Structures are given as C-alpha cells and as structure tokens.
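Worksheet for the structure shown next.
Order of writing sets the labels: A, B, C, D and E. Residues in every chain begin at 1.
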Amino acid sequence: MSDIKQKPLINRYQTYDFVTRGVIPGAIDASHGTVLYLDDVNVSFDGFKALNNLSLFIDDGELRCLIGPNGAGKTTLMDVITGKTRPDSGSVYFGQTLNLLEMDEPAIAQAGISRKFQKPSVFDNLTVFENLELAMKTDKGVWTTLFAQLNGEQLDNIGRVLETIGLAELYSQQAGVLSHGQKQWLEIGMLLIQEPRVMLVDEPVAGMTHQEIDKTAELLLSLRGKHSVVVVEHDMEFVRSIASKVTVLHEGSVLMEGTMDEVQNDPRVIQVYLGD
Amino acid sequence: MRLTFLENETESRLILIALATITLVIPLCNLIFPAESALYFSAYSISLIGKYLTFALLALSLDLVWGYCGILALGQGAFFALGGYAMGMYLMRQIGTRGVYGDPLLPDFMVFLSWKELPWYWLGFDHFAFALLMVVVVPGLLAFVFGWLAFRSRVTGVYLSIITQALTYALLLAFFRNEMGFGGNNGLTDFKDILGFNLQSDAVRACLLMTTGFALIAAFLACRWVVKTKLGRVVTALRDHESRVRFLGYRVEMFKLWIFVFSAVLAGIAGALYVPQVGIINPSEFSPLNSLEIVAWVAVGGRGSLYGAIIGAVMVNYGKTVLTGLLPEIWLFTLGAMFILVTVFLPEGLAGLWRRKRGVKPS
Amino acid sequence: MLNISSLNQYYGGSHTLWDLELDVPEGECVCLMGRNGVGKTTLLKSIMGLVPVRGGSIMMQGQSIAGMKAEIRAELGIGFVPQGREIFSLLTVEENLKTGLRAASKLGIKKIPEHIYDMFPVLKQMRNRRGGDLSGGQQQQLAIGRALVLNPKLLILDEPTEGIQPNIVSDIGDVIMRLNRSKGIAPPKIAAAKAEVHEAIGRINRELGVTVLLVEQKLPFARKVATQFCIMERGRHVATGAMSELSDDLVKQYLTV
Amino acid sequence: MKFNDSLGRIGLFFLLLIMPLVGFSQDVMLATEENSVLPTYTEALSAIKTSSLSQRGIAIEIFAKFTKNPQTVLILQALMDGKLMELKADGQIVIAENNDGRYAIFAAETQASLGSVEAAAIKKINLTNRLRRQLRSLIAQVQLNSDDVAIRLQAVKEMAKNPTSETLVLLTNLYEKETNPDIQETIGLVFALQDMDSPDQALRLAAIESLKYKTSLEALNRLKALDAQDAEGNYIEPDKEVRKLARSAVAKIESRLQLYATAETLFFGLSLGAVLVLAAIGLAITFGVMGVINMAHGELMMLGAYTTYVMQQIMPNDLGLALLLSVPASFMVSGIIGIGIERGIIRYLYGRPLETLLATFGVSLFLQQTVRSVFSPLNKSVSTPEFMSGSWQINDFLSFTWNRMYILIFCFMVFAMLLQILRRTRLGLEVRAVSQNRNMAKAMGIPTDRVDAMTFGLGSGVAGIAGVALSQITNVGPNLGQAYIVDSFMVVVFGGVGNLWGTLVAGFTLGIANKVLEPYAGAVLAKILVLVFIILFIQKKPRGLFPQKGRAAES
Amino acid sequence: AEETIKVGVLHSLSGTMAISETTLKDTMLMLIEEQNKKGGLLGKKLEAVVVDPASNWPLFAEKARELITKDKVAVIFGCWTSVSRKSVLPVIEELNGILFYPVQYEGEESSKNVFYTGAAPNQQAIPALDYLMNDIKVERWVLAGTDYVYPRTTNKILEAYLKSKGVKQEDIMINYTPFGHSEWQSIVSDIKKFGSAGKKTAVVSTINGDANIPFYKELGNQGVSAEDIPVVAFSVGEEELSGMDTKPLVGHMAAWNYFMSVDSTKNAAFIKQWHEFTKDSKRVTNDPMEAHYIGFNMWVKAVEKAGTTDADAVQKAIIGMKFPNLTGGVAQMLPNHHISKPVLIGEIQEDGQLLTVWQTNTLIKGDAWSDFLPESKPIIADWTAPINCGNYNTNTKKCSGQKF
C-alpha cells in the first residue's frame, strides 16, 4: 500500500476556470487530472439539507473512499452524480466539459459513470449471465439492442467477470434466488463489465464474509489507475485496506479529507463517526 | 453457453404446428369437401375461427407490452379498433354506388344526415394500399405520440394503465358522436367486397382466414424473436426494475416506446383482419370493458408467455361462443367463475398449467 | 429458549435447509455464521414463520411453534430484524415503531417505550420522516428499534450492523449485549445517553434478559457480542460451541471462501 | 235509477257550457243557479269519475263551486294527490290511503271510514296535466283565505302564475288585509307586472323601477320584451324612455344573474364531484391502500343500491327512514360480501396485484349476473323521500336541489369518517403497514389476515354506502356498477394512489372542470376534454395530484 | 325427436341491453308456447332457440349466423338497438333469413329479409309533435337526445318538420348527451331557462336507456313540472317506468303505438297471459312486446298461407298480411316491410302506467324513408313486383344502390 503515490490535497476553495467557462459538450476531458468535479452542491428535502455546500473532486484513476455517519449524505451524493437527484444549486462536471446537471441518467451512464447501489439491485427475473450481458458496455440504442449478438470477445469478457465474482457456476440461475451476498457480487460484476471511467460503489462489502471482503478489496485495488473509483463503506478495516485518500462527509459537507491515518486520528471524525 | 428464457421451445413448436394446421387445412376443407362431409367446415366455423385468430393476435400484442414490458395497457382495444376502422373505411369506399342512396362518394350514413362532401380523413381510403398503410400508421402513430408523452414523463404502473383507459374511453365517446363522420354508434357495416372479391363468398372467407393465420404466425415468430433478443431482455429487466436499467445507460422510454408502438401496430393489424370477417366495426370496440377483456384473455392464457396469450384468447372466446348458445341465461356465471378459478389456482394461466404438467419449474 | 431439530426447508423444488439442528439456550446470545447463501437468512425466516418449512420441529420455551402464524410468534415474544431492513417505507419513523404496538399491548405496552428513542436518538430526531427517506444506516437503527417495541424474549437479528457507521455498530453491540445479559455488564456506553436512562434500560434489561439469535459476518463484532456460535454450511448445521471455542481452524474451514 | 238520473242532469248541464274551461266565470255560475238544473253536491262529486278526460275537467270545475262545503277542498286536494278513487263495486267515490298494499278508504263526501280494501277493488281517478293545472288554481283560490301563512303564500304564488281579472280581484282584496311581508311582496310583484301593461307612462316607469330590484324571471322576461322589435324592426314598446329604463333594469338584473350562474355552475360541479368522490372513495381504500385492482367495486356499489331498494320494499311507508337505515344496511351487505371476496379469493393473490384485476373482473361478472337472476334484469324503482326531493329555492334564478345537497354533505361525512379511521385507528396504520410489507407486518405481530379482511370489508362497505347515494340519482339496475367503475379509477389515480385527500380533490376538480366545460362544449365533448385533460395532467404529474415523493416512494 | 320448426330468439340477456331485451325473449317464449298449445304450425311444434349476444354488436352477427346455419331456424326475432340490427343485416341477407325487428328506430332502411314491426319516425315522433303543436300549443322546442344515430336522425327529421311548420331556429334547442349520462343538472337548468322565455315549451326526448332516470329526477328536483315544460319521450315505456320512481315523472308524456293501460279485450287477455307466463302479476307489458306479438302472429299466418317456412315464400306471403293490434285496429304488413300502427300519446301516471290523452284516428303507415330528409324523400321501399326493391328512387326510377 505504501507504493501509492500521495497526491497533494486539492484546494477546495479554489474555483476552477472550467466551471465558469461554460459547457463544451464532447468527450471527457480529464487533462487536468480530475474526472469529477462537484462544486458547492446543495440538496434539500422538505427543508432538510442532505447536502450542504458540498465540494468534492475526484482524480482520474484514483481510488477514493468516502466515509461518514449514517445520513451524512453519501448516497445522496451518488444520486446527484448519477442524475437521480437534481441538486438545488451547485455544479457537477464530468471531466472538464460534461455538465452532468444537464444530462439524464442514461446519458450519464453512457458517458462512463456507473454505480453500484447500496441495496443490491439486480434483475430478479433474468439469469446471472443475462444481468451481466445487459450491463455490458456496448451501444445501448434501441435498434442496436434489438439486433445485438454477443461476439466471442464479449462472451469471454462475461466469462471472466463471472469467474471474478465467483458466480460462474450459477450463471444460468435467475438472479432473484441468489442470497444477499451473491447479489452484492453480481452487482459488482455488473459494474465491472460496464468498463466505466468512474465507478461509484455504495457499500460493496455489506453482508460479505471476511475473505470476500479481502477479495473485494483486492479487486478494487486492481482497478485503480484504469478507473476512478469512489467507495462508500462503513467497514473500517476494509477502508483501511484499500484507501489512499479518504473523504469524510458529515451533515452534507466535507468534514475532512486525508489519508486513512489522518482521518483515523482526527478528533472530529472520532467523535462523529468512529467512536473510541 | 445456452441462454435460458421464459419462452419454451416445445410449446412454441406445438402452437406453431397447430396454427399452421388451422391456417392451411381448415380453409381447404371448407373449399374442397362438400357440405355433408364430416371434414367440411362451414362458413360459420370459418368466420368464427378467423375471429378467434384475430383475437389471438390482439392478445399477443397485449402480452408483449404487459407480459414482457410490464405495461398494463388497458387501452389495447383502441389500437385494434383504429386498425379496424381504417380497414372499415376502405371497405366502405368499396361499396361505391351500391349503397342504398347510390351516392358514388358518400357512405350511406353521411347521405341521410346531409353530409355534402367526404371529410378529408376519408380521402385515400379507396386505395387498398393506402388503407393498409393506415392500418399500421394510425395505431402506430397514436401509440407513438401517446407513448412518447407518457414514457418521457415517466408515467408508470397504474397511472399508465388508467390513462390508457382514459384514452380508449375518450375515443369511444368521440367515435360515438355522429359528427365525427364514422357512422356514430352504428359504425361501419354492410361491406360488399374486398379487392373486388365478394366478401361473402366462401373463397374470400377462406382466404381471410388464411391471411389471418399467416399474420398470426408471423406475429408470433416476430414477437418470439423480439423477446429473445437482447432488447427482449432489456424490456424484461425494465419491467422489474426500471430505474436500474436507466443507470445502465439504456434510454428506458425508447425501449418502452418501441414495444408499445410495435404492439399497437400488431393490434391494428388484428383489427384490420377482424373487420372484414365479422362485417362490422363500431365504437363499442373502444369500450374500456373490451380492453379489459383482452387483459383477461392474456391472464387466462398465461401472462408473459406468447403461446399462452394465443391459447387464452382462443379458449375464452371459444367458451363464450359455446356458452352463449348453450347456457344463454347463466353463461356469465361460468365465465366469471373461470376467471376466478384460473387466477386462484393457475397463477400462470393455462400456460402455467402446461408448464407444471411438464415439470418445468415456474419462474 | 429455542430448540430446532431436523428442520427441512425448500424453495419450490430446491432444498435449502437440511435436517437442521439449533439450540438457543435462554439468556444466551448465539451467533449464526456461514458463508453467503448457506441458508442463514432462510433459517431465521423459518423461525419467524415467514417461509414454509417441511418437517422438523421448532420449539419455543417448550412450546411447538412450527405451525403457528408469524404474527402469533411475534406475540409470543420473537422480535425480528431482517436482512435488508425491510422498513415500511411510506410510514413515518414513529408509525414504523407503532406497528409493533398491537402485539406489545398484550404485555401492557401501550406506547412506544422511551428507551428505544434513547438508544437511537436519530429516531427521535427523525420521528416524522418517512422510513423510506432515511439513509441506510438510519433505517437499520429503525429496524432494530422496531423489533424492540415488541419487548421480545427472543431477538433475531440478521446482519444488524450492515451499513452502519462504526460508532453505532459498537453501540448496537452494547445494546444487544445489554438486552441479552441480565448482569455483569459494564455500564452502557451510548454517547448521548444519560444516567437515568441507563438506569431504566438496566431495569428493563434485568427483567427481560433477552435471548439473542444473531447472524453476523463481522468476526470481531461477533466475538464481542455473542456468547455462543453456530456455523452453517450448505443448509446444514456443522459446528456449535461457546464463542471462546471458535478457533481459527473453524473459521478457515467454514467461513473463508 | 238515481245514479243515471243525476248523470242525465249533468249531461244537460254540460250542454250549457260551451265555453273555455279555464275562463269559467261567475256569471255562468249565476246563470246556472237560476236554471235550477244545478246538480246536488253528491251528483257533482260523482260526475268527476266520468271516463272522458275533457268532461272530467268540466265536472271538476262545477264541483269546485261548492266552496261552502269544507269537504270540497279536501276532496280536490285528494284528487290532486291521486288519492281519490272509485270503488269498483258500487261506483262510490272514496278517499283511499295506501296502507302496506291495502287501502284504507273513506267516503269522500262524509269522511266516514269504510274499512279497507284490496288495491284491485278501487280505481284511481286519473288526471292529466291540464286537469292538474286546473285543480291547482282552484285549490289556490280556496286557500287564498287560509289562516296558515305558508299555505296562503303558496296559493298566492300559484295564482300569480296566470293572473286573470278574476284572480286579480281576489289578490287585491287579500293585499288590503294581508300583513305578511312575503305575501305582500309577492302580490306587489304581480301588481307591478300588471302595471307594465298600463297605458299610463308614469305608472309603467314606476313599475320598471321597482322591478329592477326584484330577482324574478317573469320580471326579466317582461323587461326584455319591452326592448324587443317586431318583424319590421319597429319597437313594440313605443315609448323611448320606458325602453331605456327597461334596458338598464335588464342590465342590472343580468349582472346579478351572472353571479348566480357562477354559483350554480360551482354547485353543479361540486355535486358531480361529490358523486365521483363517493364512488371512488371505497376504491381509494381497496385499490389505493391495499393495492387490489378491484374491478368488482362498481358491483359492490350496485349491491348497496339494491339494499336500499330492498329496505324500501320492507318499509314502503317510511321511505325516509328506510333510506337512512339503508346506510348501515348497505355497509353491512357490501362489507360482508367484500370480506367474503377477500377471504375467498383475494387473499390468495397478495403480491400479485395485477391478477386481482382478473379475479375481481370475474367476481363482477358473477355479481352482475346474480343480481340479474335474483332481481330480474330490469331496473328497480327506488323512491326519493320527501326531504330529498325538490330544491332549496333561493330565488327565481338560483336553487340548489336537495338530493344533491344531501349527497354533498353525505360525501363529506363519509370522507371525514374514513380519514379518521385511516389516520387515527390502529387499523389504519396496520393496513398501510401490511400493504407495504406483508411479511414484515406479520413479523411485527400484525394479524395480516384479519387486517386484510377488515380493510377490504371497509372499502367494500363504503362502496355500498356510495350505492345508497347513487340510488337517489341514477338507475338501480345490474349495470349500475359498470357505469361508475371507469370514473372511479380515474379519480383515484388522478388524485394519487394511496392518498385519500387526493381522491377528494380529484373528484371535485373533475366535477367542476366537467361542469365548467359543459356549457361551451356540450356534455359529450366536455367529457372527452376532461379525459384528455387527465391524460395530459398525468404527464405533468406522473403520480397524480398528491404524489408520494422522494426515496420512500421508489423503494 | 320429432321434427320441429325452430324459431331463433336473438336478444341480449347480459350486458347493457339485457335490461330491455330480456323481456322480449320471454315474450317470444310465451308466444311460441301458446302457438304450440294451439297445435303448433304446419303440424309441427315450434321450438325456440335462445342465444345470448350479450349486448355485443359483432356477436349479434355471429349468433345470427349460428342460428341460421347451425340451428337452421326458420325465422329470427331479435335485436333492439339499431347497431345490432345493422350488424345482423348482412348475415341475414346473405343467408336469406328472416328477422323481425320490434323496436322503434330511425328508419332509412328496408331490407328484403327484415320486417320492421316497431315504429318508424313517422309513426311516433311526428304525430307527437303534431299533438304538442296543436293541442298543447307548444311554441318552443327542446330536442334532447343521446348522441348517436337514432336521436340524431330523428331530431333531424323533427327539426325539418318543425321548420316546415314555421318554427324559428331560435325556438329550437338541441342537446346531445353521452350514453348513460347521469349528470343532468346543467342541462336541465338550461332547459328551464330556455323554457322561461314566456312561450310554451316542451322537450322532445330521444334520450335512451339508463340516462332517463337521472334526467327525470333532475327535472323533478329542479321543479320543472310536466305542467310547465312537458317532456315527451320516445323510448320511455311501461317497462322503463317500472324501474323508476315515478313521482317526478307524473304528467310527462310518451308516444308509442301501444299502452298497457289501453282498455280492450285483446289487451286484457294478452296481459293476463303475460302475468301467467311470468308468474308475476306485476310485470308490465310494453310496445316492443306488442310488436313481437304482431310480428310473430303475422309470420305464423304467412307460414300457414305459404304452407312452408321457406324464406322466400314467407316473405312473399306476409306482405299485406293483417293482424289485429292489441289496442284496436288491424295492423297490416306493408310492401315496405313496415307495418301500419296507431299512435298514442300518454301521460305518465303515478302507478307507472300511461294514460292515453291523444290518439290518431287512423293507423299510420310506417315510412321507411323519411319525407323530411331531402336525400330520402324520393326514395321508397316496395318489396312487391314490379319494384321489388328496398330503396327505389322515384326520380331516377331506379333501385338506387344495389340493395335488393
């Protein structure tokens, strides 16, 4: 873990010029090294502020852990990024050019942001294989889908992922009958096969055994560099095993950001989150 | 790696064989054998079977949206009726001067209510090709506009069901109005011929039955193909978990729209085949109760299985024919009881019964 | 408290639980362990009466409950915290808690016991919010609180710490332990708790001495909370013992992938 | 024979009467008196039963001249009320009171009780519109001198309809001694209207001036007529000043009318809304809360309506009470049948909401046909009790019909009751819990079976109650249910499933929208427009008027 | 079994129209039973074949075909709504069957295979207007109807008729409502306003079926009495009244060709027979029942005359056939396949009966093609030689169209 190069903290109070420059649609431009920009985002539900002037920046290829008390707004943050929830104010960019607030869920997903949900959501009536097939990265238009045929490479891909998530034997099972943990894995598999630029992973190891947790950690670490990964998890051991940089959310804003050690020893974090 | 799916091969094959037999053999029997022969099928049976097959096609179309895409459309009858009207208008124009007033242009019902000229939307229907086009375009277009609005706004579940019902109800009221120029309550009747052939001749009837049979087979194969493609799986997935599909990058509304329009077109074709065989099209086809009945056929047959829809439609309607003649006073009891028993004891309809018999695990 | 013997369970045609034996002695906290998909949840649901079982017996305090409806089992004093929380999402937090009042009223409990709010202050704070709007962790707390309204003799928890922030996890551990052990427990360590509340909880606790059946994947937590363990493997029960006897070998054999 | 004799004399008497019926005047009366062929009281009475309708008119006119006999007006009233009958056996004229199928009869002339007879033994003396009108004014003339103010007012109003020189004299006489302001006002109006025909310009102007403040249809028509032109374009009223004043008076009255028209439309909308809400509210429970797509809802309403019918059959003499008792009775009938449906069928279908549609569709067919077999396919006649008929006449232009008023109030009562049940009782909480997560509800000790049965019973019972209301405005027949089922679903969905308030607001919104559109578009198009409106509205608010928002709704 | 002559009965026993049609089925069963008691027909018994077309119009056609081809019935008595008749028509014509249609309708039809025993517009609507105009002195007219073909056509005819009598456009109010309309408040209020202009006003109602009850209730509640604004209806008869609370209806009128209340020995016998047959002394009789009664008996006589049930022979034999009405007078089957009928106007009484207040002196001949519609004026129907056509154009001297 020591070989992870530590990057300096980003100054959250600086306003980057791309935010003010207006939108240029097109490919993801991460030339500044940052893939996800959230600036001054506010979300409230019936007066309750779930996100409060939140600013967060995710680097290209980075593996970021997001922790924070229950209800701090982690899931809401992912909802904002994936287009499920529209913030009251603030800006959210993918790369320097894609304004996520102007895109809907499928567009965001196609642009390369995928997500694993907190509560495992797989398609109960489809088999494990078909679940992966649907998630797979391809053209997702209606007509292409209608005439889509799996080619060898894609089949291999699915096979590989099936191995990775340990469901190779169950590939023809309907996903509905899987146990909780198996569904978690399947959903991770669906995430992998989308080959996204950014992965948002909400509580991946809930309901997994130790060994599986380790395996997940391994998996996530192996993705580093190729994908930017944002992981939300309450399992500190797990977080410790993967984290390079940790962001702590509290009451809708960033409480602190730093290495695991910094975070663990921060009195505020201990008070609101970790406990002694 | 073989992919499994809801549809089962054996049953599909059986139903195809059955359909092919009906389509080819029965009309031939009607034409070849003399009326006394045991193998003879009367014109009555022919038109009856023809009607069942159009209903089967209609049920098939509903099963696609409801069984596979989860859209409980309570207005499927509207598309059916529109297709029927398009065909009816063609048949009306075919009457020419043979109407009772002998007006070369205006249908009878317009003449005695002093219409002076043909409304614009009747133009072109004297061409068979144009009418055929309209048979698919009109229901398709309506489904497209309606679906586009509804799916884009993410109207789902019962909300969608009820507005489809509102749609067909509104059309019912509209078509009832004499001023609409579709014959009001009486609808369009008294057709003479189609493509110059007398509608009441045995050969034409047999042909119509064959056409319907082929249309049904084609539609069945097409639907089967659709549900087996990846699109079919996307649609099944979004039936169960719509928002998740969206997060995978699929434009859910487009998929729904595609299925919805496709199904509306099938329903329209069914309507167009229905009209020349029963000889009348009138607004009651738009009635919400009719659309509800279609749902009942599909449910009886087995929602989510294409052959089930076909079996359901044929069974229920055959039952209706027999019972309304046999037990005219109490047949509704039988029908009602059948609906209740099927739902309670055969959760997956007749298709489920079949599946269970064969020991296939229910999904 | 709870004795299960030769229990079999099928989902349609697939055999999930095989001649299962389980013994939860009164006052103990038994932790049920096993890999994903071995049937832990299924077993708990069987005990609760939410899935049909075939054969075998389930005895609660000497009384056979196998054929009883779930709601009767709840009245008999089985509280259930399911996996995945299963909150009534359109009911407010308070209403969620109130759902247990019918069964609880048999025990003379007419309104939501205050100690539940004390244990999970966030529930009080979000009392009028709909359950479904809560964050995952908040929902988990609600689920536990809800089960406690029934004032259960036997509390069944299916992975109760899933998705819960660390400090609350340890609080939950404390709660479980407190509910479970009538005596000899260190004073509760709830951040916001006050002395008199502790007193009250302590009293309830002493009177109750809730027996706990727990499914838990997190070993440290399990070790801390439970007094006994029971390991399952492919729908069968394979090992039992006091928590202290849970060896690394066993862990390696049955809990690792 | 005496009987024939008197008929003969009356026949002779008729010969003398070659005059319009209504304009029967005093002089003739005098003339006939002198003529000494005047019939006796008994003869005059028995002449009424002549089989010719036109002769009956003359006979009544003659009979009514016996004003001194107090029995006369009673007999006329009985004739008006359809209680005057002829005994088939001996031709005697009697007053008959219906008494549970048998009739208690009294000799018309003497009031002497003659015991009771079967319906078949008597024959009603029929009336036509013409005779009724005639009778009414005859009775009014007598009642003009009644001591009862209400009766007097009624009589004055009746006479004001078609004032003749004769009645004007009577009214003038009354006016002089009358103390009641309402009656004075009414007579004053008659006089003012009379004055408008006066040749004296000042009198005409004064009359118009006073009419300006009256909310009278008659006044309005007359004022408008002043401004009318004949075929050649000449004004019928030659006086310019009168015309001008009349025009301004018309404008004044019509501006008030606008207000009344709005109030009226609103009332119509609300009362339609009330019906929609009543029809939908049971469904808001079975469908909205429990998630059962209950196609038999309409039939449960139908059962409520039939219960009302049966109740009225049981107590034909207490229609009002029967109606009141029908409310609990229908609740029980529909409720119990609802519970039967739930226990017998629906409970096997929880978790399969779409299938409930099919099963309940089956149930609805079944119930319909049952009713056809038991009660025949014909509509049944449910009477409207006295207190629900007629309207609350605020003025000539604005009146609220009582049945609609009661239904409106009833609707609010039912709504409030249900709201309380769902909000405040344990059942309310439990049913919501059960519908959201059946298994978890069980695990919390909620007896789901009982809750389901109770709730479905409640929803069905409320449908039954709605049926009672519907029996007062529409057909009680096997098709009643089908007529309302589509609308009911529309209302529940438009309001937002699972929200009782939504159902209320939706019902009233649709009701008012319909009634506002109707004058412009006609009833048919209005209905179509409302449907289109619903379709478009749902695009804007895909989950109805009061949607469940947020995360909670999605999971 | 012995050979029988089958008689098809094609009336809805379920669905929306069961309300009206079930009675007609019973009537047919009664008539057939009676005929069998008299020894049947041509030495054979009659056998009723009852089917239920379930108020479903295409099903009418299907069932008609079933009756003719499968059951081989000699004749069909059936249909109520015009659309069901229109649906059956091509089938009957194709298979050369015979249909007796017993309900008043909009006219504009005459088929070789159909006998119209109900009233054509000139046998119901026009005389009613005459009565209102001449006897009641009505000057302002509300034509209210359900929005479909029968009311539209009838009203068109009536409008033309009124205009021909010098009634001005502004004195005619036309209003259409949907089927089953139950919210009459605004319309009744409008009628009230329309009728308060100082001229005598009447409503001519072609409102059909279930919409009637709420309509009359609303009239009653808004205080519109028959004395002020009478309503004369063409589809409210004794049977409909038996299902209504008649209080608000008293004095309103109906125009028919038969009333149960008419005092005649034939009628009394018919009513008695009906009560015995239904075992219900409260059951009422009505106009379409009489139509079936006449139709059936004419058919019986025609079969006897022709000596066969063969359709062509019967069709030929029945024209000119006479049979006494229940209310007096003798109905005759006209060459246009309609019959001659008396027209009665009755006022509704509290007991649900109609009291005759006016009656035509002679029988009116049913007119298939209205003289008040410009397009149909020149058309006549005559199924006897030499014309032998249902739509003969007297101008062009041709059988217009090809319908013969």
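Of note:
The rule we apply is simple: contacts are C-beta pairs under 8 Å (C-beta built on N, C-alpha and C of every residue); 3 or more make two chains touch, one makes a residue touch a chain.
All values derive from a computational prediction rather than experimental measurement.
The set of chains in contact with chain A as well as chain D comprises B, C. The minimal number of chain-to-chain contact steps leading from chain A to chain E is 2.
Of all chains, the one whose mean C-alpha position sits at the greatest distance from that of chain A is E.
Geometrically, the chain at the heart of the complex, using CA-atom means, is B. Chain centres here are Cα averages; for chain D and chain E they lie 29 Å apart.
With each centre defined as the average position of its C-alpha atoms, the distance from chain A to chain C rounds to 31 Å. Remark: chain B and chain C have CA centroids separated by 54 Å (rounded to whole angstrom). Averaging Cα coordinates per chain places chain A and chain B 46 Å apart.
Each of the following residues of chain A touches two or more other chains: 45, 119. Residue positions of chain B with contacts to 2 or more other chains are 173, 176-177, 243, 329, 332. Residue numbers of chain E whose C-beta contacts span two or more other chains: 13-14, 147, 176, 178.
By the touch criterion stated above, chain C contacts chain A in their complex at residues 11, 14, 35-38, 41, 83-84, 122, 129, 133-138, 140-141, 159, 162-171, 191, 217-219, 251, 255-257. Chain contact summary for the complex, chain A toward chain B: residues 82, 84, 104-106, 109-110, 114-115, 117, 121-127, 129-130, 133-135, 140-142, 145-148, 155, 171-172, 174, 190, 194. Considering their complex, residues 13-14, 50-54, 56-59, 61-63, 65-66, 69-70, 81-83, 86-87, 89-91, 94, 108-109, 147-150, 152-153, 156, 176, 178-179, 370, 373-376, 379, 390-391, 393, 398, 400-403 of chain E touch chain B.
Touching chain A in their complex are the following residues of chain B: 1-4, 6, 226, 229-231, 233-234, 236-237, 239-241, 243-252, 254-255, 258, 363.
Interface of chain B with chain D (complex): residues 72, 146, 149-150, 152-156, 158-159, 162-163, 165-167, 169-170, 173-174, 176-177, 243, 288-289, 292, 295-296, 299-300, 303, 329-330, 332-333, 335-340, 342-344, 347.
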